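Common to both upcoming complexes is subunit A, partnered first by subunit B, then by subunit C.
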Partner chain A sequence: MTCSIFLQNKYVMYQDKMFKLSDKILLLCVGEAGDTVQFAEYIQKNIQLYKMRNGYELSPTAAANFTRKNLADYLRSRTPYHVNLLLAGFDETDGPGLYFMDYLSALAKAPFAAHGYGAYLTLSILDRYYRPDLTRDEAVELLKKCIEELNKRLIINLPSFSVRLIDKDGIHDLEKLVPVGAK
Partner chain B sequence: MALQDFSGSPLHLSVPAAEYLSESPIQFGQINPNIASNFINTLHQDLVLSFPPGFPPSCSPSVPLPFTMSHGTTTLAFIFQGGVIAAADTRSSCNGLVACPASQKILPVHSHLVGTTSGTSADCALWKRILARELRLYQLRHGRRLSTAGAAKLLAHMLHPFKGTELCVAATLCGWDGGERPSLYYVCSDGTRLQGELFSVGSGSPYAYSVLDGGVRWGLTVEEATSLARQAVYRATHRDAYSGNCVDVYHITSKGWARRDREELHRQIVQQFKTNVSQC
Partner chain C sequence: MAMSYDRAITVFSPDGHLFQVEYAQEAVKKGSTAVGVRGKKIVVLGVEKKSIAKLQDDRTVRKICALDDNVFLAFAGLTADARVVVNRARVECQSHRLTVEDPVTVEYITRFISSIKQRYTQSNGRRPFGISSLIVGFDFDGTPHLYQTEPSGTYHAWKANAIGRSAKTVREFLEKHYKEEDMESDTEVIKLAIRALLEVVQSGGKNIELAIMKQDESMKVCLNLWYLYSKKIAAV
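On to the complex of A and B.
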């Protein structure tokens, strides 16, 4: 059973950057200070409103496209949102899906993705070792490889990472990953 | 919207007020791109967003500021078993000049919520008052006080439309939520809203952090906590040029906030130091 896994880090103030859009969709939002929370909560509440009005939840593909449309509309306004997003979800028919969006409202479906300076270091590890048929444990091991590399080469100290897994049963919190030697 | 609720009562304003004053601050909206079938538009159909053109002011700094503003201060707040302690210095600086040596940087919002202010003094004073007004209206409408988390959320949403302008407010809201919980939130005009147990804001904050990080524990007594807070502000005022003069300390408990008398610590501590040195 394949699943989408992604990681996020927590800073000294321990802010959670993952926003639960629905039972099977998570949105990771990073970028400019206030924009992240404002935009992510706006999307979150709209997805929930759709469910209340129509009785069923949006699929991950629909949610991703909705998010991208909003980002694109605000891009050319006086108040663009400078946020980079990863949307991960599990669809009953299509299976797991990961959508990469950046602040210019580009949208791409990808098997794995990363934003920020960490991306420079981790994408090649993911390129090398990712297979679509990874088991859950293998996937967590792959994440650990990425985090160890960040711990070694990234100038910013990232003390802890929270990990969540989405599968047909919903969103599960996995054990926090702490790089060895990080405080 | 706020003032319209009271029309017809003896409180009806006879002074013509600018349009935007009768709107709730939450509706100071960014110019939304007009999308026909967007969800949120249908929600706001009956609300008229009318405000004077050019308000909030756009990002381009084409209008020069009348004088250079400066944001020097040291404020701090932390939670411990006895409630929340908030402390701040009292110096208002203006680009190298001490504009006021006795200003008040900790402003009570309501009986159980106090806010420390940092950034532009005028902005902080105004937005604290707006927040106090909105919280009071909430209390009247809903019959209960809004929690500190809610107040912080409200302030963050009210400040968001002004992002990118010169507005600069960095406040920590220290409050006691109905029951046994003290809480502490940091809200900034760039949109940050964080919950925590210890915050220090301002140009003197690194100095304050270093003193606080060594001493803050949950189990402090009230005297130890106040003395730690005073020490931290004092050390920051010693090192930071833009912080100085006296120290204000507020203590928030389940019974509300209590203010300690303003103290001028420099003389005390120098005196102590001299007696210590002479005893060696």
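On to the complex of A and C.
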């Protein structure tokens, strides 16, 4: 049993960067101030509209591709959105899935992903310790390892991380992670 | 005398009628019956399902549409016209959530649909929508509502109402049997709606589609009411 989890880095003031697109899909959106919320809420409402029109929700793959298309269309307009995204979801048939998208609208399905300065440090930890058959607890432990690494090596102090987990029963809030010794 | 005044929608007749709107209301009277009842903690919509051809898949004929998680609509009249109106309303529901961060109130979306309908009674080259609709749901503070809209663009709030074929008969039944105290009980509300529809629908349960929404729950649609019907038969 594998589940998909991803980090949320916390910066200056508290803002929830995760947007619930549907019962089993979460979008984490970081980047230009304002662009993030604007773009993510627009995608969120369009995913809901699809549900109302058609009677069922978009799959995570479809939602990711829809998001990518929108981002790509705006990229070559007068108003591009400068946002980096992680989209995570649970599909009834395909299981959990994680999608990495950057501001140039490149989309990739990945077993693990990260954005921001923290990515330079955590990706190598994930490379070393990730296995495709991680259990839920092992995955959370891996996440904690990444956060410890950030606590040790990143010059910016990030005192707490909010964690969410998606499985067949939907989205769950786990307890906040506080690195040891962080203020 | 009436002939020359019903060609263009934007023209009044000498005695103050908009004939196209009145003809649209005639189109509504040809549609299959829909009934709505508002209880204290539950709202119910019932529609008559027209008998369909043997080879037709009846799942594709849906007369009750969800506009949002807290509002849904049943119509009587031209199905294609309803599709257009419902689509615009669905987009407006999400648009409202995007700008105001709150779900629509039932009154807001009813006003929105009515103003679309009214616009089409005043534009050149367009005909009115041939549908009346019953819009039902809960506001975010938990109050239930039932509204009825007409092709003319008017809307009114009701405790219980019916539209479509034989609407008058159903409404008279509702007026006779609606009791304020009964509306506290969820089952009484459902029973009233079913009994009202049974007045005009042939052969009972198989031809009724019912949609129920309780406070804080999303809409449940009961097709082929055999299970519910058999329980009610004893009560009716």
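Methods note: the second predicted complex is superposed on the first by the 182 of 183 C-alpha atoms of A that agree within 3 Å, B and C clash if a C-alpha of one lies under 4 Å from a C-alpha of the other, contacts with A are read in each partner's own complex, and residues count from 1 in each chain.
Basically, a residue touches a chain if its C-beta (ideal position, glycine included) is under 8 Å from a C-beta of that chain, and two chains touch if they have at least 3 such contacts.
Bear in mind the structure is a predicted one, so any value in this text is a computation, not a measurement.
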Clash or fit (per the criteria above) of subunit B with subunit C on subunit A: fit
Spatial angle subunit C-subunit A-subunit B, Cα centroids [nearest 10 degrees]: 70
First (subunit B), second (subunit C), both or neither touched by A:73: first
Which superposed partner A:35 touches (first subunit B, second subunit C, both, neither): first
Which of subunit B and subunit C A:129 touches, first, second, both or neither: neither
Greater residue coverage of subunit A in the superposed arrangement, subunit B or subunit C: B
Partner chain(s) touched by A:49 [first = subunit B, second = subunit C, both, neither]: both
Subunit B and subunit C, minimum CA distance [Å, superposed model]: 5
Residues of subunit A that lie at the interface with subunit B and also at the interface with subunit C: 42, 46, 49
For the subunit A and subunit B complex, residues of the former touching the latter: 13, 15, 32-38, 42, 46, 49-50, 73-74, 76-79
Of subunit A, residues touching subunit C in the complex: 41-42, 45-46, 48-49, 52-53, 55
Residue ranges of subunit C in contact with subunit A within the complex: 66-68, 87, 90-91, 93-95, 97-98
Of subunit B, residues touching subunit A in the complex: 30-33, 35, 39-40, 58-59, 156-157, 159-161, 163-164, 188, 190-194, 196
